[in-house]
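In what follows, a structure is listed as structure tokens, so that the remarks can point back to it.
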């Protein structure tokens, strides 16, 4: 039940991120949407590993029951850092573009580049 | 043109909705037959000696992935440095007025946050945390200082070439540690240190070592990213 | 239960944040989203992920993005204050040039920032990259190759004022130094012997007493232009095409009539 | 067995060394090349005995650890990497590049080797992300605005693709309980209800397809490959794209993908070649051509027979060689004349060095598949491997289209004096040109002799020559009368929508297969 709720929310977030990526013309907002897309997949992974009344996977005693699945969490740790790297690097590139075109509008930039190519 | 755009909007919205629906339906249609991940829970404490199973997986069973992740982080730091380096440097005209409140709060908060960072780094095998989050938290503490005192003032305290050497040296060590077992004629990535008693400060084999190295690396990387952004973008 | 509430907040917050216009709102909204997400991770029994998410996405990413957007989107204009062209009305700035510039800034999606500067300092400010555009009744005759110029957007005339009865034969230096508002005071105090003025300044001055001066209209066709910083060739190109579009569309004429009827 | 860990990790060590020891960059390059050659040689010897070797890192069993596997496929692509590495490093020998560039280069090579041996879905995800980031930075290395935009577009779409892929990994893990490809295969045979495979495989394929240069998914490719510097284009087109194909190969061995890959292959082949025919800008033409050539590989994977798989390997190897050569030579031709358009290049051919033109000629002969050059071998095996007539017609159409698009280059090859070319660059062309010419004997190393016996016959030669002849004859009329093509899909927003549509295409194909 809990798990399905998490998955549903994460898939909805994935959809919101996708819509943001497609419809927002502003590059910075596009980037944050991309971050949301990747972040939602992480939520999906973590909630797949979760269970009702679980315990965090940090062993405190000899009994061996009730812990949630640790593997997705380990994977998500990697994915978060990767997501950060992408967001930071893409931001630098967006800054370079803004420096040149004075705009964060993707369609305008695309238009300008097309015009430059034709010149 | 306008019609096209509206058409695109409708089409894309329908696609996204279908996609979400499809994934949700598939997830709820079929449940897994068995419980997952129990194998790590049963094996990790005795095999790795780490109480935190997540870091046992992260830094022992799946260390190979983590190496790539560290490389990705390093590439990000390097990319930020390379692409911002000839970006027009902002003269820092607008400085935060030297208000007593900001300075005092920086003085007040810097030590505890920094200590939390170090704690998270060093106790990664026992409790939540680890090199990555610890390094970032420590870097954020420095960020607080930078906001209060100015990035250049803080930046002067770190001699950049040394920092660079340390950063790459640590990365080199992290990359070559897994290859060390070859010297003693074992397969690479084999754990050489004993796992120790679970729950003790010194336990978990080489996990604390990796945590420390990653923590240093990430701390420096975070600082470099913040510093470069501040230098070329002006301060908060 | 708390978990379900937080989970249901996530899409709402994300949709809200991503549909905003201002960058700052979007970024802070997404930072808040990450914070809630990390709380969700904590409640899903993933403390490691929660710590990392809070440290990286909620703190670091938000911070870096806020720094990055801080100075995007500014169009810095340096100008002298000229009634009719660009002048202060209480808190507001209005005038024909202001109208043109703000339209241009809106088209580029930039925030218009106006700094007032004496006319003779404008080229230097442009050259040093302190500003993007120079405005404030600049005459097409200006002889300065260090900055870029647009085409004339409004015809004007030059007037020579002198206090002697005979017009000077010798070519004088341009007397327009310092802010125009100071100039006006000096005129009223009678400190100025002779100078050359453009139409807008002349009209503004003529409201005060000009009787001691002889006024002579100079021959030739003059018009007002804008100056662009030499490093901003693209901006120059965009501005020139914007001006010609205004002219072709007849909007320039409409604006001119509004301010100089 | 240590080799398959050493190959990627040593490159990463070299990458770090490049940055911290800046004066020794050239020494490091030579050392890396030598070590790669030795390690691959050893690997070849080992694989010749064993067929395939595997290692589980840390010695923890493959249900908890990460497994690496080396087989014939990884060997072939490993040698391709070696050739391209040597040639590109020679090409760049005289150029003043920052150590940063070489670091990225080594990271790229390391990631490529890692993909070849990867056997774990999440591991593949991480490596692919590293590959994405590094190629993103390499494309934008020149810092020109169009390069920056092309690479940013690449990052956006590739990262979206990897997000979709990760969702697929989540589905697989949830149902199969493992991410190891071998264990997933056993799970698939054990489980009764495997409906989830439908969703999982379409997510995985969509995600990888964005990186693999398949037409409907990789609409970032033409801009990125055309605006990067020549050496980077050669690497991306020759090598990085292939890594997506390698992953598809691995996936196809487990999931039932054959039908959908056949359709995708035909689609990307034909659409790519149509765009290539109508493009006159040389580098863009080459980039579109890459999209179409991936079609051959997908058709080979989709067919799935042993001969066809050998053909895929052969063609992937050959394509890496000649596309690398073409991009390098095109880069130096464009550098010599300052022109990008094929027609203008032909006008100024006297400024292009003779060696560059010869390299372009060899690359062209390779790609149009004139026997016995490189392209022919792969095409012959692919042809022999497929039984269905539809596939064979598609293959013939692809060949024909390739000839048509490259026939426009023929006027370049008049024998007359030309400009100067540094010796290192000539040598770098030679490294790639030699195996293209001598490809047939080379293939005996990894294609069993019986496959050649079944696939080579006289009718194949005739068919090939007829296609080439017709292509050259009809090139001009076809190119002149081609309708204008829509280029709107290459914009960022539309490309993202198209990727999503592509997902549904894959899903439906899998559903009805």
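The first chain written gets the first letter, and so on, giving A, B, C and D; residue counts start at 1 in each chain.
Quick note on the criterion: a contact is a pair of C-beta atoms (placed from the backbone, for glycine too) under 8 Å apart; a residue touches a chain by one contact, two chains touch by 3 or more.
Owing to the predicted nature of the structure, the values given are computational and were not obtained by experimental measurement.
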Looking at Cα centroids only, farthest away from subunit C lies chain D
Give me the ID of the chain with the smallest distance between its Cα centroid and the all-protein Cα centroid.
-> A
Per the C-alpha centroid definition, the whole-Å distance linking subunit C and subunit D comes out as 50
So, in whole Å, the Cα centroid of subunit A is separated from that of subunit C by 37
Whole-angstrom distance, CA centroid of subunit B to CA centroid of subunit D, is 32
Averaged-CA centre spacing for the pair subunit B and subunit A, given as whole angstrom | 16
Residues of subunit D that touch two or more other chains: which are they?
-> 122, 126, 129, 133, 137, 140, 143, 167, 173-174, 493, 497, 500
For subunit B, residues that touch 2 or more chains besides their own = 12, 16, 19, 23, 27, 36, 40, 52, 54-55, 62, 65, 68-69, 72, 75-76, 79, 83, 88, 127-128, 130, 132, 225, 233
Shared interface positions of subunit C, touching two or more other chains | 46-48, 52, 56, 60, 64, 68
Which chains touch, pair by pair?
-> A-B, A-C, A-D, B-C, B-D
Counting only contacts in the complex, subunit A reaches subunit D at residues 14, 18, 21-23, 25, 27, 30, 34, 37-38, 41, 44-45, 48, 71-72, 75, 78-79, 82, 85-86, 89-90, 93-94, 96-97, 100-101, 106-107, 109-110, 113, 116-117
Once bound in the complex, which stretches of subunit A touch subunit C?
-> 2, 5-6, 9, 12-13, 16-17, 20, 24, 26, 28-29, 32-33, 35-36, 39, 42-43, 46-47, 49-50, 54-58, 68, 73-74, 76-77, 80-81, 83-84, 87-88, 91, 94-95, 98, 100-105
Note: in the complex, subunit D contacts subunit B through residues 1-2, 5-6, 9, 12-13, 16-17, 19-20, 55, 57-60, 63-66, 98, 100, 103-104, 107, 111, 114, 122-123, 126-127, 129-130, 133-134, 137, 140, 143, 167, 171, 173-175, 177, 191, 193, 195-196, 198-199, 493-494, 497, 500-501, 503-504, 507
In the complex with subunit B, residue positions of subunit A that touch it | 4, 7-8, 11-12, 14-15, 18-19, 22-23, 49, 56-60, 64, 67-75, 77-78, 81-82, 84-86, 88-89, 92-93, 95-96, 99
Using the touch definition up top, name the residues of subunit D that touch subunit A in the complex.
-> 122, 125-126, 129, 133, 136-137, 140, 143, 145-146, 148-149, 151-152, 155-156, 159-160, 162-163, 166-167, 170, 173-174, 491-493, 496-497, 500
